[in-house]
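Chain naming follows the written order as A, B, C and D, and within any one chain the residues start at number 1.
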Amino acid sequence: MTAVDLGLRLHLALAAAGVLVALAAAPERRARWAGSLAATAAAAGLVTGLAAMAGTEGRLTLSTALPLAPLTLAPDRLGGLFMAIAGGVGLLAALFGIGYAHGPSSSATSWAAFVAFLPSVQLVPAAADVVSFLLVWEAMAITSTVLLLADHEHRPQVLSATRWYAVMTHLGFLALLAGFAVLVAESGGTTLDELARAVESHRQQGGRYHGALALLTIGFAAKAGLVPLHVWLPRAHPEAPSHVSAVMSGAMAGTGIYGLVLIAVRLMPEPPQWWALALVALGIASALYGILQASVATDVKRLLGYSTTENSGLMAIALGLAVLLRADGETGPADVALVACLMLAVSHAAFKTTLFLGAGSVVHATGERDLDRLGGLLPRMPWTATAFALGGLGAAALPVTAGFVSEWVLLQAIIHGARGEGRVVAVVMPLALAAVALTAGLALLTMVKAVGVAFLARGRSEAVATAREAPAPMVTAMLAGAGVLVLLGVAAGPLAVAVAGTVDARGILATSTAGLHLAAVDAGLEPVRLTGGVLVLTALVAGPAILLERRRPRRRTTLPWGCGGVRTSPRMEYTATSYAEPLVRVFGDALRPTRDVAVTRTDRAWFVVREVRFHQQLEDVVEQALYRPLQAVLNRTAELARGVQNGSIHRYLTYSLAALIAVLAAVSR
Amino acid sequence: MPATTYAQLVGTAAGVLLLSAVLVVWRRSLIAAVRLLALQGVALAVLVAVMALHAGEGALLLVAVLVLVLKAVVLPGAVRRAMQLAAGEREEAPLLNPTAALLACVALAGLAYVVSAPLVEIGDDPALRVVPVGVSLVLIGLLTIASRRRAMSQLIGFVMMDNGIATVALLTAGGVPLVVELGVSLDVLLVVLILAVLTTRMRSVFGDTDLDELRELREE
Amino acid sequence: MIAWLSAVAAVTVQLVVMVAAAPLVVGLARQSRAWVEGRAGAGVLQPWRDLRKLLLKEPVQAEGTRLQVAAPVVLLATSLMVCAQVPLVGTVSLPGLPGDLFVVVSVLLVGTVALAVLGLDSGTAFGGMGSSRHMTIAALVEPTVLVAVFAVSIPAGSSALSQIMNERLAAPSTIASPASLMAVVALGIAVLAETGRLPVDNPATHLELTMVHEAMVLESSGRDLAWVELGSWLRLAALVGLVGNLLVPWGQATTASPGALLVGILTLLAKLALSAVVLGAAEVFLAKVRLFRVPELLAGSFALAFLAVTTSYLVT
Amino acid sequence: MSALRLARLIRRVGRIAEPALPAPLPITLPAPLPADPPTDPPTDGRALPSELPSELRGSVQVRHVDAGSCNGCEIEVGAAFGPVYDAERYGARLVASPRHADAVLVTGVVTRNMAEPLRRTVEATPRPRVVLAVGDCAVDCGLFARGHAVVGPASSVVDVDLEVRGCPPEPEQIVAALRRVTGR
């Protein structure tokens, strides 16, 4: 029995125990017990994933679970990677949840759903056949929907968010079902390996193969949150409890990316060029649109939700480029791009988990998610601030975090990729580079805004004044996430090598100082030395600064400089809305803000203004332009369909008769 | 002329051609646009001259001189003259804002690069590699015509398109027959003159050369 | 070991030269501007006098601000790191730190973030305003910078600056190619925007509502301000020096021998002085563009950078 | 104006800054007290008995506060920093924030609305700092003494180190006072 065999069984057993405990335990002990069991199960999944990543084989077959086919869980190396990601995220989220969950999100149902949600996310990449894949995938969808609903009695918007989520996620599921059904019909088997073999021999058949590819892509893209299938993301993430959002964003969106990578490397190797180009186009659109919406969002969790779309977009770009480059014969850069995609997935999981947990901690302490009403939290919540700032650094792809390393690898793939003869590639590369660069720039602004407005300067509302640091489990989870983020950034080489192993990418080496050497494109990165250099230089500056601090101590004053004004209040500070105002103007055509300014004047004189109100609303443009009309059409059709159902039993029986006749007619033909 | 110098000269001339086209889109000032047009004419003439020297064809050198006279002096001169007639209009107020227009230029240049692949592959002359520049000029010229309000800018876009066609023809056919090139250029000159006259008329009728005003001429 | 030591020595020399020269670059730019304006000017040494005075003064810190001490130190440290990585005096780089352009850009961005955070931390309307504008411009500059980097890295086949410089030294004809020129011009515009010079930002403005860089540091005083100023000047000098070296790579030390370094220092100083004089004089002719016309300028520079990439495919 | 015409103008005008006068007295030397009668013809900046700080030698950043001036002095201050008198050549420069400043230059009588802002501005200026009262109004209320909105001269609100008399003072005098601080 290998480690993976054992791990899978342990994982399932612990999770099952967790669900039972969550349902049975007394309310005051529920969080600690169920949370601990969930964390242990996630840890078991993490270890299993790491073992599978290292090449250990193992399988768990449940032959009696379903009448049709046995369910098989057997993670390969790629699956192990995503299993490990989900395990890590789940571990931190469960730990955080112990301290965080309160009110409706700490009910027996919620905890049971959470404990069941974690393994379903982890087992998607472990599934070895179509039936178990779809089963686990659906379990993931249902448990997350239940979790999302936790707070529906208190906030009406939860219901609307859940409706969007449920519809989108099930449409995605249907697409997957249809796509897999076509492949299964072609191959006659249900395991992924059989499917891959069938695709290999039927490649020339055209139509069906392309159709299945498109359907699967739609299903996975919806889960990854790619534009235009992202609409559930910015709604669901703010409304879910924060530890759930962390898993949904850090790990569940990752399963969508896993699916896309699965298509490209295992299920249908050498996908057609249109697929790669579509992926790059979807990726560029998602990255730019996601980060643009994130940069103008004021709800911190909505901001993070859109940022997930952005990061999925970056991964899609990397994957698409990898396929394009391989088709062009540029295997070196292609491998680098593929590794970049996976590294982005790892780093995204690390920083997004940290950020969502940090946001949860802020919500926990202040009850506010609106950045415009936060501020000055740094002295009150130093640990949360530290973790959130490090997460922000990762999301902005700055050194030394895993985010920086993975983006650097992507950039190297792009600039070395355009050397071949392919003209399409030659034009796509600079476009992709420009899109990645603009995305990175806007991500920087977004994160400076989120961190700066929430934690620096003075508080903008009373909610901030009473804020206190989160309890120990939450702080531990946040800091652990931030620590992993930095650690992976420093140990860039080992990370890249480990990731490269899962897709057999060649020419990715680690140096003796944990640096990264891309032999395939002859480029190197040494985060340890870079950090060392910066630290030496910082010491060079800080030395004299400390010396001077002794010789001439600083003087404290009560107020920042406000032009000598007598009344300066925190309301004069820049808010998140004002921070993004220049961007709203620059990208006005893409964002289409609606603004109105209402001026109230006194009765006595027209020119004496009593009050000026400014209101700005930024809706999701894609939703407005694409989904609203669709919704209207659906509603109208539904209205018409109502005539069919009038409650008369006779009419229903007539329908049955008509259906029977139709079937008989069809069969006899 | 050594092959590398030849390739480099051709490349430089092509770079200037493309750059001047992009600068026309970037700048709002019409005077600057006319100057850039003259620069473009010079670059085209240099391109022809370089090819003539490389091939050692005297006739092509004559074409170069003609191109210089026509595209660097006469055509910009005619456009400038038209502008003086429509005095006071020095700033373009484009339909498409310059940021978007510039990004569109970038996209068009990329498109030109992709679609001109078959033209590039008809021979191994280094000059053929710059055919995409000619195609981009045509596309950017069309973009200018489509996205600008002033009649003057339309003239400029039209001349840019002509330059682009001339570039492509020159590079692929190793020099258009002299007569054809002359004929085309004279056609363009004629169009410019007609448009100039029209512009003046428009101005005296509407007091403006905003082409959107032409909509009012439609019978309803 | 000896190679390592000599590389460290070369980088140290470069750092010392840059720290000494950066205020002089700013002083010379201001002085040349004064000459063109018919003034006498404060002298090239004035920035050094300002720095000395700021270091001797007592800083003032308002209640509620947390990062007024740390952020300037971070900014200065990142500027120094940029100076250590960019080939200025010579193309000798620390082993394992080859001055990869993407790394240099992200180190620069850390400094940008430090400055933006400093502005937000002050808790005043102007600080936030400056920070917001600064980050908007930084975000929009990013595509130009990276695509221009892409264009100059194509002939060398690497994004490591020292390799790019060596390639340019070995094949001077690539410098004058249209692709390279367009890329350098685009990079130049990006540098002006990134370092807050005209026409994007007016470093000499007193009007708060037009400020970008100044608005963020309105709250800093004494040595905090000194670090910010020195850090910004170092950024300017390093980036101007980089553009100068891309255009005129000759004179850079390719080995760490004292003679080569001396030549490298002298040519670097000459390039910096020339660029400073040109920069100062050119700014007399430029007006600050409106904030919302800045994207137009940056889109133009982006188009240049992109065309540089496509034309580099045409001529090989 | 086109760039070409601007360039021609620059070449035609050449240098317009007036030649520098000899450097002022060393700053550590206390100047004599003012000879009291307000009819005394305005002289260049006279340091009150307090010493001027040596840290500011060579570089003085000036924050200008208009505490209630008629704008006569502003015009002269503007001229002092203009190209002709060019106070910048002596190391003085106007700045936008008192945090950056070493000297607060006060013009005009201190009005009721400006008393508190003036006090705050000086308070916001890091030490060592110098306060200059420029113009008769700032020195002793001048024409506006006993006005109903007037608090008093600058010295009644903040400690003044240097005074420049005149209504308005000439730019040379303002420059001379600044040179006392910079010592150049």
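One rule holds for everything that comes next: a contact is a pair of C-beta atoms (placed from the backbone, for glycine too) under 8 Å apart; a residue touches a chain by one contact, two chains touch by 3 or more.
Keep in mind that what you see is a predicted model, and the values were worked out from it rather than measured.
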Please find the path from chain B to chain D through touching chains that uses the fewest steps, and give that number. 2
Which two chains have the most contacts between them? A-C
Averaging each chain's C-alpha atoms to get its centre, pick out the one most distant from chain B. D
Euclidean distance of C-alpha centroids - chain C vs chain D, Å: 35
Using Cα averages as centroids, what's the distance between chain A and chain B in whole Å? 48
Taking the mean of the C-alpha atoms as each chain's centre, how many Å separate chain A from chain D? 60
Check: chain C positions touching at least 2 other chains come out as 56-60, 208, 218-219, 222, 295, 302, 306, 310, 313
Multi-chain contacts in chain A, i.e. residues touching at least two other chains, fall at 426-427, 430, 555, 557, 559, 561, 563
Got the chain D residues that touch at least 2 other chains? 97, 99, 124, 126-127
Chain pairs in mutual contact under the definition given at the outset: A-B, A-C, A-D, B-C, C-D
Chain A residues touching chain D - in the complex, by the definition given at the top: 555, 557, 559, 561, 563-566
Provide the residue numbers of chain D that touch chain A in the complex, in ascending order. 65, 97-99, 116-118, 120-121, 123-124, 126-127
Partner chain B, residues of chain C touching it in the complex: 173, 176-179, 181-182, 295-296, 299-300, 302-304, 306-307, 310-311, 313-316
Inside the complex, what are the residues of chain C that reach chain D? 34-43, 46, 49-50, 52-53, 56-60, 205-208, 211, 214, 217-222, 225, 284-285
Please name which positions on chain B make contact with chain A in the complex. 100, 110-111, 113-114, 117
